[in-house]
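Right after this note come the structures.
The following pair of complexes shares a single chain, subunit A, combined with subunit B in the former and subunit C in the latter.
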Partner chain A sequence: MARMKFLCDADRCIECNACVTACKNEHDVPWGINRRRVVTINDGKPGERSVSMACMHCTDAPCAAVCPVDCFYTTTDAVVLHSKDLCIGCGYCFYACPFGAPQYPRTGNFGSRGKMDKCTFCAGGPEADSTEVEYAKYGANRLAEGKLPLCAEMCSTKSLLAGDGEIIAAIYKERVTQRGYGSGAWGWQTAYQEPITV
Partner chain B sequence: MQVLKRFGPIGPAFAAIVLAFGLLVAPAAAQEGPSGSNPTAQSVNEQQLLQELNKIQGRVTIPDAKAGTLEQPQGRGFREYHEGALPWIGGIAVLGMLLLLTLFYFVRGRIRLRSPEAGVKILRFNAMERLTHWITATAFIILAITGLNFVFGKRLLMPLIGPNAFSAWSQWSKYAHDFFSWAFMLGIVVMAILWIWDNLPDRYDAHWLKVGGGMFDKTNRTHPPATRFNAGQKLIFWSVIIGGIALSVSGIFMLFPFSYADVNGMQLAQTIHATVGVLMVAVIIAHIYIGTLGMEGAYEAMGSGTVDLNWAKEHHSVWVEKQEARTEPSQPSAPPTPAE
Partner chain C sequence: MHDKQRTAINRRNFLRAFSGASTVAVATAAATFTPSEALAYDPGEEETGPRYQETDHVKAFYRVNGYETLDK
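So, the complex of A and B:
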């Protein structure tokens, strides 16, 4: 099986935020929730870089480790998903996540958050694939249809890559060799305990 | 042509070597870039940022300010403590305390009253004090059970009742924890105001601690003098006040997530809260033991508010003397004579 990963080539990202918009539209994500976001570092200064970031679907995911109700699971494609039926909205996964991926709707009284929401790698949730109930809770299940995450699919500069880790790493390596530079695969060391060495 | 044919079979291998060589050499050689410039010379570098700043911050165009943190490796430390040390600290503290108390019970037994009951009751805790105690106590027990559920629930309870029932219970636990916390916090504040003066250290404390309050004297003859609260009770009081304040402050950080702290502050608050919480549970187990099963007549004090005079004389001799000195002279002059 494939080992699904995201890779953001920061030297290509132009901070157009189309990935963010595509994600919101595809999954009908409510207001205040951002499964994906673009962070610009050293904005306006020389050497500025933008990185599109969402859940990286970590190896040995920290969110899953700290969850007090064990609502996370990893699919055979190594996508980290969770059950909104089990989630109690305690917020621990956000504290443990290196990338700030978990999001919580409805900030009620005294820290009562709603069910956590995060990037699903367009792979839905524990419900039956491509059903209405799955869509309502987790959004579209593109992986079940044989498609890759929409954010990466429609990235205008092909900065954001999604797919099997080995394949996207090979694409990235080829790019770096051809153009002669590359600031590395952001977050890979943290998420997968291995950087891409070109 | 002849030459090419001869080299034909090894052509692909040769090409592969050239290609591999090219790939290996390319990054080093191409730092200059095709146009002679290096667009990454000044660019931010992930590993460098992590080394220098310990986390990567940037700007986002969405209102959620905390989304500006691109990477925070501190989550790793949070996870290691939360899933590594914390369950051990909690387990050892709670089970260790239960074990110690069981041992204490079998060795020392129940601390009984030495002299027979005097039959005279004196007031030890008034209604306000008892109300405060029981509000705080009830809240604490709910908070302790629901709090321990966050640490041990998935390890102990979930395998027994299954993920769905456990999740439903945990959801209600969380709400209970969030809402009963206010009663606890109020209780801590009122308790501090009511009892702080009687819990300041005094000259009897050193001796009391030296003889262990007589608790370890199997003949039950040692009853060191004590004022309203003995040194042991003072230790409980100060643990409750200091622990309670630590729990309240760290708890308020979590009741209003990200209002007063960023993600690292939240991690710290959760870590302090959980650690102080499990230790407090151990302390309160000891308090509950000595206040009920461990000592004859102790529960009455907080239950009905009155204690037997002889019990008071044994356990709080200095306090009884002061109480009697205050009340007895006033008794003969019962009807106040109005001024003419």
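So, the complex of A and C:
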């Protein structure tokens, strides 16, 4: 069974934020919520790196582990989804997530920030597929339409990969083999003082 | 001064009576309450089932993202 994964090839990301815009547009995500964002390290300096981040759909998701109402579930495709009907907006998942994926419509304390919202891997939610109710709560269900997340599909530099983990891992492996490992590994030149060619 | 003391005593009596009543209420509730095991949300097999399909659309995505040498 295929396991859905995201993989951002940081060597190719140019911080265009098209993935962020595509996500917001596709799912009609309200102001204040970013299901995906681009993080840039050493911005404006030589060697800066950008990486597109969203929910990574962890195998052993810490958000699900801390949720007091157990509103998270994992699909057969290994996509971590949640029920907004059960969510109480406590914010525990936000503190537990190492990627800062959970988002809330309002700022506030326990329970006043609204239902949590996060990347669904374009797989909707617990409601029936591709219905208005599902779209209003969770956004489009592209996976059910035989497509992949729009953020990855429209990445102009082919930096963001999404899909079957084994296939995108093979694609990334091939890229590293072709271009050399030194350029792709953060800290390699610092540690070994010279790039390595494969 | 005398009135203040009387007020304090009355309040203590009230709190004693209240704590006694609440203890009885908690004991009654505990005796009748049967704890159930916490269960994770399960929307059913239909909603957790596989959605991913390797359609031509998806295959095209894999093809254009890989180098030409990638054997697919």
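The working rule: the second predicted complex is superposed on the first by the 177 of 198 C-alpha atoms of A that agree within 3 Å, B and C clash if a C-alpha of one lies under 4 Å from a C-alpha of the other, contacts with A are read in each partner's own complex, and residues count from 1 in each chain.
FYI, a contact is a pair of C-beta atoms (placed from the backbone, for glycine too) under 8 Å apart; a residue touches a chain by one contact, two chains touch by 3 or more.
Since we're looking at a predicted model, the values are computed, not measured.
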- Item | Three-chain arrangement built on subunit A, subunit B and subunit C clash or fit | clash
- Which superposed partner A:Leu161 touches (first subunit B, second subunit C, both, neither): second
- Once the shared chain is lined up, is A:Arg175 touching subunit B (first), subunit C (second), both, or neither of them? second
- Message: Touch test for A:Leu148: subunit B only (first), subunit C only (second), both, or neither?
- Response: second
- Item | Comparing the two partners subunit B and subunit C, which touches a greater set of residues in subunit A | B
- Partner chain in contact with A:Leu86 - subunit B first, subunit C second, else both or neither: both
- Task: Going by the overlay, flag which of 6-14, 24-32, 42-50 or 60-68 in subunit C ends up clashing with subunit B.
- Result: 6-14
- Note on the structure: Note: overlapping subunit A surface for subunit B and subunit C spans 69-71, 86, 178
- Task: Under the touch definition given earlier, write down the residues of subunit A that touch subunit C in their complex.
- Result: 1-2, 4, 64, 69-77, 79, 82-83, 86, 123, 126-127, 129, 141, 143-144, 146-148, 152-153, 158, 161, 163-164, 167-168, 170-171, 174-175, 178
- Using the touch definition up top, name the residues of subunit B that touch subunit A in the complex. 23, 26-27, 29-34, 38-47, 49, 56-62, 64, 66-73, 75-76, 78-79, 82-83, 149-151, 153-154, 158, 163-164, 166-167, 170-171, 174-175, 178-179, 181, 254-257, 263, 266-267, 270
- Message: With touch defined as at the start, can you tell me which subunit A residues reach subunit B in the complex?
- Response: 10-11, 17, 20, 32, 34, 37-43, 46-51, 53, 62, 65-71, 85-92, 94-100, 107, 109-113, 176-184, 186-187, 189-190, 198
- Contacting residues of subunit C [partner subunit A, same complex]: 38-43, 47-55, 57-58, 61-62, 64-67, 69-70, 72
